[in-house]
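A, B, C, D, E and F are the chain letters, set down in written order, and residue numbers restart from 1 in every chain.
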Amino acid sequence: MHLMQFRSLVAAALAEDLSWGDITSDSIFTDEMGRAFITAKKAGVACGLPVAAEVFSQVDPCLDFTASFRDGQEIKPGDCLAELAGPLASILKGERTALNFLQRLSGIATAARAAVVAVAGTGAQIVDTRKTTPGFRLLEKYAVRVGGAKNHRFHLGDMALIKDNHIRGAGSIGAAVSRVRARAGFPLKIEVEAATLEDVRESLKAGVEVIMLDNMEVGLMAEAVRLVDGRALVEASGGITRENLQEVAATGVDLISLGYLTHSSPALDMTLNLVDP
Amino acid sequence: MHLMQFRSLVAAALAEDLSWGDITSDSIFTDEMGRAFITAKKAGVACGLPVAAEVFSQVDPCLDFTASFRDGQEIKPGDCLAELAGPLASILKGERTALNFLQRLSGIATAARAAVVAVAGTGAQIVDTRKTTPGFRLLEKYAVRVGGAKNHRFHLGDMALIKDNHIRGAGSIGAAVSRVRARAGFPLKIEVEAATLEDVRESLKAGVEVIMLDNMEVGLMAEAVRLVDGRALVEASGGITRENLQEVAATGVDLISLGYLTHSSPALDMTLNLVDP
Amino acid sequence: MHLMQFRSLVAAALAEDLSWGDITSDSIFTDEMGRAFITAKKAGVACGLPVAAEVFSQVDPCLDFTASFRDGQEIKPGDCLAELAGPLASILKGERTALNFLQRLSGIATAARAAVVAVAGTGAQIVDTRKTTPGFRLLEKYAVRVGGAKNHRFHLGDMALIKDNHIRGAGSIGAAVSRVRARAGFPLKIEVEAATLEDVRESLKAGVEVIMLDNMEVGLMAEAVRLVDGRALVEASGGITRENLQEVAATGVDLISLGYLTHSSPALDMTLNLVDP
Amino acid sequence: MHLMQFRSLVAAALAEDLSWGDITSDSIFTDEMGRAFITAKKAGVACGLPVAAEVFSQVDPCLDFTASFRDGQEIKPGDCLAELAGPLASILKGERTALNFLQRLSGIATAARAAVVAVAGTGAQIVDTRKTTPGFRLLEKYAVRVGGAKNHRFHLGDMALIKDNHIRGAGSIGAAVSRVRARAGFPLKIEVEAATLEDVRESLKAGVEVIMLDNMEVGLMAEAVRLVDGRALVEASGGITRENLQEVAATGVDLISLGYLTHSSPALDMTLNLVDP
Amino acid sequence: MHLMQFRSLVAAALAEDLSWGDITSDSIFTDEMGRAFITAKKAGVACGLPVAAEVFSQVDPCLDFTASFRDGQEIKPGDCLAELAGPLASILKGERTALNFLQRLSGIATAARAAVVAVAGTGAQIVDTRKTTPGFRLLEKYAVRVGGAKNHRFHLGDMALIKDNHIRGAGSIGAAVSRVRARAGFPLKIEVEAATLEDVRESLKAGVEVIMLDNMEVGLMAEAVRLVDGRALVEASGGITRENLQEVAATGVDLISLGYLTHSSPALDMTLNLVDP
Amino acid sequence: MHLMQFRSLVAAALAEDLSWGDITSDSIFTDEMGRAFITAKKAGVACGLPVAAEVFSQVDPCLDFTASFRDGQEIKPGDCLAELAGPLASILKGERTALNFLQRLSGIATAARAAVVAVAGTGAQIVDTRKTTPGFRLLEKYAVRVGGAKNHRFHLGDMALIKDNHIRGAGSIGAAVSRVRARAGFPLKIEVEAATLEDVRESLKAGVEVIMLDNMEVGLMAEAVRLVDGRALVEASGGITRENLQEVAATGVDLISLGYLTHSSPALDMTLNLVDP
């Protein structure tokens, strides 16, 4: 992630919390300096440290933020993720916003890592979806990568994904693919959502790059994979949970997309503590 | 919620998804009209319908969005939350963004409602925290209210909350309260975080409006409540889960703050389906 | 005031003055360096020096701005408020914008200080109102504090102020207060606007934190104060001028709100002069 | 004024007041409709009615705002400036912001009108300065025009104004004018600040379009006017008050610039009252 | 193009031209109504009519804009592209901005169409580049499509394009492709810039989707095309002009990218004329 | 140009190209450092180097950008315009955006210089128009100045230009000028568009500062110049090309405005090359 990609999100978050000042800290502290640690309270995958650094840097350029972990490393309860040094009031002003970023992103990275581990050894790759918190997609998809999974498309313009509504609109899979191909630039791949083996066959005939098996039974998935036989990427999608993940992977699909990574991962608990002088 | 409070968040969310166009829908549809339903797949509390309406209105002012539920009403699987009529391409362009708002907000409202129900009959009120998704606080706190819980402070400027770091900085609870009172306007209430009964006593002496019992054992909480005896509001905070909620409420505290409402509530599953013509 | 709270206002002000360049200075100067002083032409209270520093810093990071006074200190004609050193063209480009901030804010701080001094010895506290220049409220309320007065609420969301229109809408003071209490979070205080002693009595019964005596005669105010007898804060509001301020304070009210502080204070005259080399 | 020129300022002002909601009105009102009048409490010149209309329109497009006066018309205490009809909560949400605009702009227009009247019959034209509230210049200069006075330059790029600092930088008036002329486009007029008759002579020789007599005694001004003899516009500037305005005008200057119009005009008092049903 | 994609660009353009008002039109017109035509002065391809419509709609929602052509249609001198009806002042205020959009976009569409026509009958497709006017890319790439050509990637994130600098950085084409594949999501295609036939061979071996022949001689291009033999798309790039376009197309390449479409196309001349009443 | 005038345009341009990351460079490079040169491929006038510096500075504050030319200097093929040193990935991320600015601005400066040279020795000054790329006017007009030509008005508010539509609206040139003068501030000059000698006479009588000869034959222009005889500036406008420029200048007009400078100048070709280590 380039700083440019989250700087304004950090600014918006701080505006939300600080635009009317911090009446408590501003009343109590003047120039007192101090140090603080950000510590993990749960095990998981660290994510968002450069974002937290930016939070504190925007609050006060004089704050010194030193991360002890890099995004993607595993952490366990008690691990010190980062150390802060500088004006106490500034540390306290940035605390909540920094933790909000860190906990959410680490929660997603942790969930992604768990899914990746669960399918290790199969050829399946875990991918995310567009089911992200509005305004937060870039960071949430970054957390998915940090966890070791891959990104599906970022938005409605960087890949064509022909769903059943589009197919009905065009009349057939073939017709839909033709229309997209007539308009899209060559850099765009085309994926088709298939509900049946017949859909899979039509998609192959239309020459698409990716076929999404939408809410298929595991048995049917395996059959579809055999049918495709490497002529396109195969994505399993819909209703996949931590529980049936391995079973789905065992069907031989190339990609497994998981909405819960971004829409339902719990935050990873952390805390910020001042160090006694 | 006033439209003014979420209009630009909706715009940012749509920009994220649509600023490079929707290559699939734009290739396949021209002016085809259609209808669609947004349907619940899980039981819970509806929240975010005016936001979803705004999403579709920004995508296309010609779209007609009719909600069948109001925010705060309970929904069960299969309930139709809203109906859409208008250009098919516009419906599909707004689908994901609208659902992302609805699912997240309904997830929070559902969790809040469950907590409120859990403490019903006690005098305790469920409140939220500042542990919200950066940039999304206003909406997440709205969802908490829709669920029936109350909002704690919105930001660092609308209430003074003196935590242990502040107390140490000022030397004592009394000194900290004095400093805040010297600076704050009369509209601001003062809350102090108490770790011991001694802290509670000092806070009462300083005349604060609210006392937060931070991570106290349930037994100690009950003792603190008796000590305060109505002279201030008492808030239980820290480490409270769905499991121990009732036990905490039984201590007689006035307020129970729950971070998980906003940082770890899973999305409430919904779907948008086109209606066959 | 945190830099974050006025940085973009400064940017907007400079954009207004400089976005088409400074044809005069840019034609005449290239790299000439120089020094300048900002000097008071009238007596009053200095306010806005960190804002002026930010103005020059945005115009040119190479400019060196050194304040000789701190916000809140009294100044007299001829006092040098700050010294500038750096490129002459940059000094001249920032001059007007910096002075516009300084003069307006110092004008308000001066008026606030005068009011505070006028009621010294009574228990009354001077407070401001929401009658501020649109877009400038945060800074104007800061100037009020710098002058020694206190801030009333900042916006429509950080305190409930039930006015006669609300009372009529709800049917009675008691009903209005109940409705607000049912919705507002516990951090919010409730104030009621009272036109008669009967209103005061109802407000007390409803348990509000603050009672505003709206445009009452001084005699009636004193009676109201006696009636309240410490059970709520009492605010005098409406039609109070520099002339009758002391008389109002003598009634024993806790708070006196003055709209003129922010909507009609004249600017405090200052000037910027280059130092001869 | 084109709507485009103040729409975002109105949005910023409303954000300041309403971005955390209106807890009072939202608690008490649901859909109650009503009417209200905006009434003058002091005599003066109405200004800002289209801005007030935009305020209410942004708060709620369903509000109906009907002005009974046009900007520039004289009003007296009791005059109804505008009538509002629509949801009561919306009227109350926009009230303060609309009045803040109206009172400030009408205050400026009133002061401008008074100055224009004071010099009526002489050839002098009243003009404003750049001593405006940061961010508010466009509206404040509009109010000046509404009052009947004229605008001096809007920013540092739309006219060259060579002040003593520039003259010293260039070495002489002639040199300064040459440098500006070499760089500026032909649409820009050049004004020189003259402190002595010698400066005036040099300025004439350099062929400038306007000569500013800076803080000159009235007698010297008259002499300067005779010296210029119509070969350039002559502007009186600095230290001119309501008291000596006519005396200055009598010297025959073409322009009199008054900083106090925008930096020290008191607000013109107005009020908004709901109409009893 | 979705309105959402150019609305703010239109707003910025109008701000540039109109934020200080239109002193001429505002002085002369009050409410006079009129009609106007936008007429082509040169032959070409119309592009930007919805953008022009948005310009006038932002200037004045009362203006009625009726296009007589659709984007992509050919126009000849004298053709009336659109008719306007409404307040004369509003027509004149939007005139220049609307024409600036129309002329630039139509210029690009015209150049794109000419290139497409020039290679008609070959299998080559004309594509654009990222050599666009900063801030204007979305519209310029739209104009390219309107002209009948296709879009290459939109930005640095929607396709991987491995250039010689990247190859040297990674050590070899194979290594570079591996690194990208390890990080990129499956929706992204990979293109490699090849300077020699050996590069082409390596690229094929690495399994890339597109191979760019960078500044190759036409003879070498043809050889490369034969070598690739349909296993990847082949793009000709660099130094291609209107003159050698057909020769390049004849080599059998799939794509020809032309920077000049967006960085050097002359505007297509048009004019706006009021209709005599 | 002040940094403040193009900083946000640079940010917008980078957002367009980099807001979804640079998948290629980020995959291949980590911390490798390197150097690069920006080299001219065509002869012309350098323009935009401070803008390019800002591009790279926004991409990565650690990048070191050293220009070898100043804006306005002539360059020939092979000249190194600037040298870059720093992280390779950062150089590549900023490359395209920086070149897009440089090539466009240098293209305009080059065209302006050619026109200035073409009329050297005559008294005519080359000026630009408002026919600029929407959103890019400030920079394009800067490039015109860098080329040695002058700027016509920047927007609709900094000069009055009475065109035939305005004249018809007002009834006569005299009436139009009166209306503008009644409203405009004294800093604004007035220009009238004249189609005939009679128009020129009326304009002179109205005392305007500039007369635009609109699309006149060269012979008529010369006559108009004689008629004006120095009592106003005379501008030739409309249909002037590189070919007839000198002929127009020979008529004795003061100003020649050329739309093509900004709407049709081809980019000046440049390239960025990494230096082998």
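The working rule: contacts are C-beta pairs under 8 Å (C-beta built on N, C-alpha and C of every residue); 3 or more make two chains touch, one makes a residue touch a chain.
Because the structure is predicted, anything quoted here is derived from the model rather than measured.
K.L.:
Among the remaining chains, which ones contact both chain B and chain D?
P.N.:
Both-contact set = C, E.
K.L.:
Quick check: superposing chain A onto chain E on C-alpha atoms, how many degrees is the rotation, to the nearest 5?
P.N.:
180
K.L.:
If I rank A-F and A-B by number of C-beta contact pairs, which comes first?
P.N.:
More contacting C-beta pairs are found at A-B.
K.L.:
At the place where copies chain D and chain E touch, is the share of residue numbers found on both sides over half (same) or under half (different)?
P.N.:
Homomeric contact, different residues on each side for the most part.
K.L.:
What's the distance between the Cα centroids of chain C and chain F, rounded to whole Å?
P.N.:
Each chain's C-alpha centroid was found; their separation is 45 Å.
K.L.:
What is the distance in Å between the mean C-alpha positions of chain C and chain D?
P.N.:
A distance of 22 Å separates the two centres.
K.L.:
On a C-alpha centroid basis, what's the spacing between chain C and chain E, in Å?
P.N.:
Averaging C-alpha atoms per chain gives centres 52 Å apart.
K.L.:
For chain B and chain C, what's the span in angstrom between their mean Cα positions?
P.N.:
Whole-Å distance between the two chain centres: 33.
K.L.:
Among the residues of chain D, which are close enough to touch at least two other chains?
P.N.:
18-22, 26, 93, 138, 154, 157-159, 183, 188
K.L.:
Which of the chains are touching one another, listed as pairs?
P.N.:
Applying the touch rule to all chain pairs gives A-B, A-C, A-E, A-F, B-C, B-D, B-E, C-D, C-F, D-E, D-F, E-F.
K.L.:
Which residues of chain C touch chain B in their complex?
P.N.:
Going through chain C, the ones touching chain B are 125, 127, 145, 150-154, 157-159, 183, 185-189, 191, 210, 233, 254-255.
K.L.:
Over in the complex, which chain B residues touch chain D? Could you list them?
P.N.:
Contact set of chain B toward chain D: 1-2, 4-5, 138, 154, 158.
K.L.:
Please output the residues of chain A touching chain C within their complex, sorted ascending.
P.N.:
For this pair, the touching residues of chain A are 14-15, 18-22, 26, 58-59, 93.
K.L.:
For a test of understanding, state which residues of chain E touch chain F in their complex under the given definition.
P.N.:
9-10, 12-13, 16-29, 32, 88, 92-93, 96-97, 99-101, 103-104, 107, 130-138, 155-163, 165-166, 168-170, 176, 179-180, 182-184, 188, 260, 263-264, 266-267, 274
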